[in-house]
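Okay, so chain A shows up in both of these, paired with chain B first and chain C after.
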Partner chain A sequence: MNKKTKAILLNLFAVIFLFLTVVILMSTGVLNNYLSNILITVLITIIMTTSLNVTTGLLGQLALGHAGFMAIGGYTSAILTKIVLADLGFSFGLSLPISLIAGGLVAALFGMLIGIPALRLEGDYLAIITLGFGEIIRVVIENMEITGGAAGLTRITRMSRAFSEDRLTSSIVQFAIVFWITVLIIASIFTLGRSRHGRAIISIRENAIAAEATGIPTTRYKLLAFTIAAFFAGIAGGLFAHQTSILDAKAFGFNKSIEYLVMVVLGGMGSITGSIIASFVLVSLPEMLRGLAEYRLVIYSLLLIIMMLFRPSGLLGTAEFSLLTTWEALERFFARIFKREAVTRMPFQPRYDVWEGKPVLETHNLGISFGGLKAAQNINIRLMNNEIVGLIGPNGAGKTTVFNLLTGVYIPTEGDVVLLGKPIQGKITHEIAQNGISRTFQNIRLFRSMSALDNIKVAFHSRMKYSPMSGILRNAQCLSEERGIDIRARELLRVFQMENDADTIAGSLPYGKQRKLEICRALASNPKVLLLDEPAAGMNPSETAELMNTIKLIRDQFSVAILLIEHDMKLVMGICERIYVLNYGQIIAHGKPEEIRSNPEVIAAYLGQEQTAQTEVNQHA
Partner chain B sequence: MTLFFNQLINGLHVGFIYALIALGYTMVYGIVKLINFAHGDIIMIGAYTAVITLVSLGWSTPLSLLAAIVVCVVFGITIERVAYKPLRSSPRISSLITAIGVSMLLQNTALLVFGAASRPFPTIFNIEPVRFADLQISFVTLLTIVVSIALMVLLQTFVKTSKAGKAMRAVSEDYNTALLMGINVNNTITLTFAIGCALAGIGAYLYIMAYPAISPTMGSLPGLKAFIAAVLGGIGIIPGAMLGGILLGVAESMTKAYISTQLSDAVVYGILIVVLLFKPAGLLGKATREKV
Partner chain C sequence: MKKRTVFSLLLAFVLLFSVSLPVMAEDTIKIAGIGVLSGDYAEYGLAVKEGVDLCVKQTNEKGGVLGKKVEILWEDTQGTAPNAINAYNKLLDEGVVGIVGAVLSGESKALAEMSADDGMPQITPSSTAYDVTTDRPNVFRTCFLDPFQGNAIAKYMSDQGIKKAAVLYDNATEYSKGLYDAFKARCDELGVEIVAAESAAYGDKDYKTQLTTIANAAPEAVFLPYYGADAAMILAQANEIGLDVKFYGADGIADIVDKVTDKALLTNVVYTDHFSTDADSELAKNFVSSFEAEYGKLPTISFSATGYDAALVLLSAIEAAGSTDKEAIVAAIKATNIDAVSGKITFDDHNDPIKSAFLLTFDDQGVKHYLTQVDP
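So, the complex of A and B:
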């Protein structure tokens, strides 16, 4: 038995032990009805906070309407068991699971409907719009007939009564149901967080622009995270309805959403275990302070302020209590038992395909105007396979604008772009990235709090096929693909002599390595065209020399055309085979380095005066 | 038609109060990018100060108004210095949560001190309403509108022309550069909170003249509405807060009259959502795009 198998058995034992202890305490009467009811509330709260953590922690978007989804789930599920399924003659044991899932699905549907418009906004504005939707949900429920209007929905079947004549037995069944649903949801969020989908979601939090440029469909993933969170909140709502037997829309207002958010933040945004601990403490603490009923909320709010002042990142920050490693070991253990040893599947072969002699990228009269200002016009660029081409020009000439046009960050107002013989204008950034153009940024945009290896893995995203569901279940397809990209990602790091930095957090790498990692990530999406935006900016001469070697290495090892924006003339003249010169948004010269060096127009653009310019540029070169 | 104009006037009345409170939200957001959730509870503090000084201590109206303003300002400054200042460099959500904490603390302390029952506020001005044909405009409504407009003009002039106003705009543009230019950033931020809270003090007085019931949680609703008004107009923009407040007030009172009292909140939020979807930075806001 290896170390990991031991660890997972230990954890599995812990969960079962916890479960059995509570069951025994309940049956011996140590945990009376009051206490076990609080325990159920704690569990439901845990579902709410861990699911909210998917939007707030993993995706990094502030949502203030989470309780609204709980309300939708709760009402849906209660109406189903109370009215619809009871009429059909279903027993409660059968109608409860149906209604819970239905509650989750309806909440997810609303999550999606609300998310489609709302997720166009970001930050505080998203927070406000979710607040608005949450309140609308509440007001609408209060004004509907089927939901019991402002008086609320009463006499919903109680889980603590319905399962058996004996109240204690029924309470224990209730605990078992809520406990295992909670465990299941937490495990799903964990495994999802570790899958390619989880990485995609986290990469949006880290740097949305870079995520899009590495081929992540950011809008779709924001929506996915939002919908999943709503689904789980809906299930929590269903459980809540059948715990309390009364639903009152007022209870799901803004304050409730805030309460859950506070727990997530106190536990540490992005830390699932943090949310669990915070839920437990913050639900049971007010109960413990019940003796001091009057001072309860004063103490609670003071604690909140003090906590924020002294530990603003929350209890656990983004760190995780190590349930996860145990989960992975658990499935390996089971894989062994069931002889379901997953094969390693390489998600793709590095593409060394032929595109010889033909241009990989061509633009025809490409241009864009902002209002009346023509930031770029008549741009005709042609890149052949395995070429290193420079794009130079004085500051403000429009070089980065050209990159933004090529990658779909700006939509061209005229002309077109042809990649590998196919027109790509009008496509969104992530589609262009998947079609074969990747880029680096002038100011480094890494996924800073992810490891170097994970940064690369995000770029492999579109090359994997497994669904979010298989990510949650960690089935054979997921495991084999994950193992495959792990190998590929490490290979790629090795090419750049960065294999020892694989597990280092990207933000803590030295500057030169961050630049290299960004290039590495751009290559991971297997591009035919690599756009480098001032890769040597901020580098000293020896780092620049190393960069030159790296770029040559890329050309030799990967079948890729490189377009390079750079101000360092030594670098440009040293490695570029051809150079385009841009000024005032137009190409003013094009040719071999030596031609460019002596081109009077270029010199005039850079220095204004011809005589001094000649010597100046020669010295640079 | 009479109903329409009456509702319009009611809407303007409450709208101008929202606008005054919204100014506090917008100025604070503009300068420290913080949604100051405790701002609504400053209204509550102002209201209690007003009723205590006026009724219990028997002070004159101007004196009790002054007391309300001073107490609000003192609370505002203290909250800023103690709770928000240490968090200026932390993630924004930390200060947001702290603001929520402060709001809860104020409400619950008030609950402890004053009890949950609401206290009435006496009618101060026994002046006949002004009449135009069928229309009646109460004196309080007129006063509210006049005072609010005067304060907004004053504020706008102050921010645009005075040295301190320029410093405020500089800090809100770029905190660090303002620091390098020799602006005392701390004092500027404190001044912003002070002005916002002074306006809240006056807003509180006007609010309880219109809705004379004072309770520990009374600040939440006008606070939330004013905040929405600020966002509607474009948060961080002073004329935006006024526009948002007035729009919100009128929309609310029209919904109550013509659609449904219960749904008026839903309509308010609906307007907010529609505006944000089409003008993501609010009515007067300019959408900024991150430079790549």
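So, the complex of A and C:
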């Protein structure tokens, strides 16, 4: 039995066990009406918090209007069952699923509508917009006739009574419906989170600039996350409507959204299981404290403060509670004698096209002005296949500006860039990345809390084709693509002798390996051109020496042109076949290392004083 | 991490199972008190609770109901519907036979949804929304509805010998329009002629056009179904154009005092309320004095009185039914005909109370004075 089947079986077993336990407890009366109704509230809250966690935890954007989506879903489905479907003569058993899905879809539509303008913003601004949106929803509902206005929508068919004359039976059916919907949603969020789409969403949280440069269409994925969260919140709203049988727009205000956010933060942003536990505790806590009358709000608030003081990153942080890891820990504990299965090593085969004899990348009079300031002008660079080219210059010469122009971070005001014979004008960063220009950053930009392997897999994103739905269902296409990517990603790590670090969290790798991992990630998107921005910065001499070998190895194995910004003259002179020298935004010299070393203009640019400059450059060499 | 996870889970479970089940005592009759006792509208819920608790205490001092002591179990809703449902489920499991509550209209509706399925007797002391009791044979209230006050004003005007009345109201809001419609209907019945009916929106600053039209019609009195702030402006502007008649309002203008600069204008104002601490019936006097003795303050929020009455109606009905059978109690409530603190109470087809409205006026210092009770 492999790991995945085991995980599925374990979880399935646990969920069925949980379900049967509750049903038995309900039938025997241990869980009375009061407790089972609270349980329903807990389940609905779980849907709300886990879905909010998609935006807040996985995507890392603060959203303050989640209850607004719940309201939309709630009202949509309530109006459908109460007015439309009842008039058409649908039975409740039939109209409930229709109205729940409709509620989810309408909420998702609103999520998308609000997301298109809002998600161009980030952080505080997005939070304010979503807050405003939540309030707008409330006010609009309060002023519409079909929603019952400020008086609220009443007499919505209640699940706990509608399924059977017998209250207990109906309550159990209600529990079964809400329970399995919750399980389905959690499972979907889990599987989505582990698919290429989930990795893309998480990579935006980790480092949006790097995600874009790695070929992730960040705006589209922000929107996807937002829409999915809204869809699930809409379904939760529908369930809520048919649980309480009364909807009041005031109940979905700012406070409600904050309540859910508090649960997500307490559970740990990004941890789905954390959200589940927090929902359970925070919904049942006030009920348990009922006996303490007015003190209960004080105690509840105090507990929140204490929890935040002692576990500021939430109960679980970004980690997940997993039955499988618990199981495996037990297994290892009891059976240390069993040997782990050896990993089949597949030979690494670079599958990259060859672009012989012609320039891979060419720029024609490339330049950009910021207002009156010409940050770069008349840049003519040409990179041949399998070539290592250096780009040097004093601080502020415009080297990183050139990289930003090449990768679409800046839009050039003059000239153009030709990649593999095609101009890439007007393309945005992630498209350029997909077309074959990859880069690393001066300050390392890894997806710090993802594993080294997942960092690489994010870069493979655009080479996979399966849809978000396939990701949720984990169908054959998704699994086979994921398997293929897993092998490729590990191969790539092995080239850099990092195969043993595959499961290490990127942020905890030593500095040198982080640099290597970033290069490795840049290579994963199958670039024709690799831009390295000061790869040796912060490295000690032995790390630098290793880096030189690595860069040569990349050139030899990957058939890629490398353009490299570096201050370490030893490295530049040691591995570059040609060097461009940049000063005040212009190329002042171009040639082989030895020509550059003795070029008086270069020496002047670097030190302003001919004599000393000569010494300096020579010393570096 | 794993140790902490296990710890968190453990904590959650301990908390869940620490729900203590109350010990069942068979020798008491349990009734439920459900309402907003904390949060934004807690003052209303707490006022209700004080009235209800007082009634339960006095009943127990007189020997209880059906020879048993009455026990009231309170649950806080924080004003939300889901909490009202939880409170109901919880108290149902604890064996209550009737409910006083809830306080706000929204939570009362949620509660009524539940109680109607069980036929559980429910009396709200303060929810004025019309449809709380609609199609709910088990749900009653002891406060009157907004339109009821329009009837009471019309009746009082007629009693005062007024033949020509005018109305300034806002036809775009439910409260004002509802009061006007009820007032007009009752005036027609009583032969009071409405010589002018002008509309002006809430929050307008200039009412002189409408007031001039009204003045030209020469009414003997003007009905102003507004809230305090608007009514204060209308009074001042009516004074400016020399419209010197009596002005009548409903409970919405109870807060007018602070909004009027010239307090002398208030002597022309008469308005209806659910209760007055100056009420002169024996029951009301007793209520006010024992309330003051119990809590050291006057029952200034009239929901204390309607709360007291809700408990009184429920307990009297249990006594009259002779058992704690829900159907019998509901039938007994329906047949209620008692003198209560806020006046004589019987119930109409819609389970709303047919009872007296209190009429109040002000002196030139802005102090409220009880005028009379009106049975419309």
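Things to note:
By our rule, the second predicted complex is superposed on the first by the 581 of 621 C-alpha atoms of A that agree within 3 Å, B and C clash if a C-alpha of one lies under 4 Å from a C-alpha of the other, contacts with A are read in each partner's own complex, and residues count from 1 in each chain.
Basically, contacts are C-beta pairs under 8 Å (C-beta built on N, C-alpha and C of every residue); 3 or more make two chains touch, one makes a residue touch a chain.
Everything numeric in this text was worked out from a predicted model, so none of it was measured.
Once chain A of one complex is fitted onto chain A of the other, the partner contacts of A:33 are limited to chain C, with no touch recorded for chain B. By the touch criterion defined above, A:132 reaches chain B but does not reach chain C. Using the contact criterion defined above for the overlaid structures, shared-chain residue A:301 touches chain B, although it does not reach chain C.
Legend: residue contacts after superposition of the two complexes on their common chain; A:569 is shown touching neither chain B nor chain C.
In the superposed model, A:479 makes contact with neither chain B nor chain C. By the touch criterion defined above, A:85 reaches neither chain B nor chain C. Of the two partner chains placed by the overlay, neither chain B nor chain C lies in contact with A:59. Of the two partner chains, neither chain B nor chain C is touched by A:456. Touching of chain A by both chain B and chain C, each in its own complex, is seen for residues 294, 297.
Only residues 33, 35, 83, 86-87, 90-91, 93-98, 100-102, 104-105, 107-109, 111-112, 224, 228, 231, 235, 260, 262-263, 265-266, 269-270, 272-273, 276-277, 280-281, 290, 292 of chain B touch chain A when the two sit together in their complex.
Within the complex, the chain A residues that touch chain C are 32-35, 37-38, 41, 151-152, 154-155, 158, 161, 240, 243-246, 248, 250-251, 277, 280-281, 284-285, 287-288, 290-291, 293-294, 297, 311, 315-317, 319, 321, 325-326, 329. Interface of chain A with chain B (complex): residues 62, 117-118, 120-121, 124-125, 127-129, 131-133, 135-136, 139-140, 142-143, 150, 209, 254, 258, 261-262, 265-266, 269, 294-295, 297-298, 300-302, 304-305, 308-309, 312-313, 400, 404, 409, 441. Residues of chain C that touch chain A in their complex: 1-2, 4-5, 8-9, 11-12, 15-16, 18-20, 37-38, 74-76, 80-82, 85-86, 89-90, 92-93, 105-106, 109-110, 113, 117, 129, 131.
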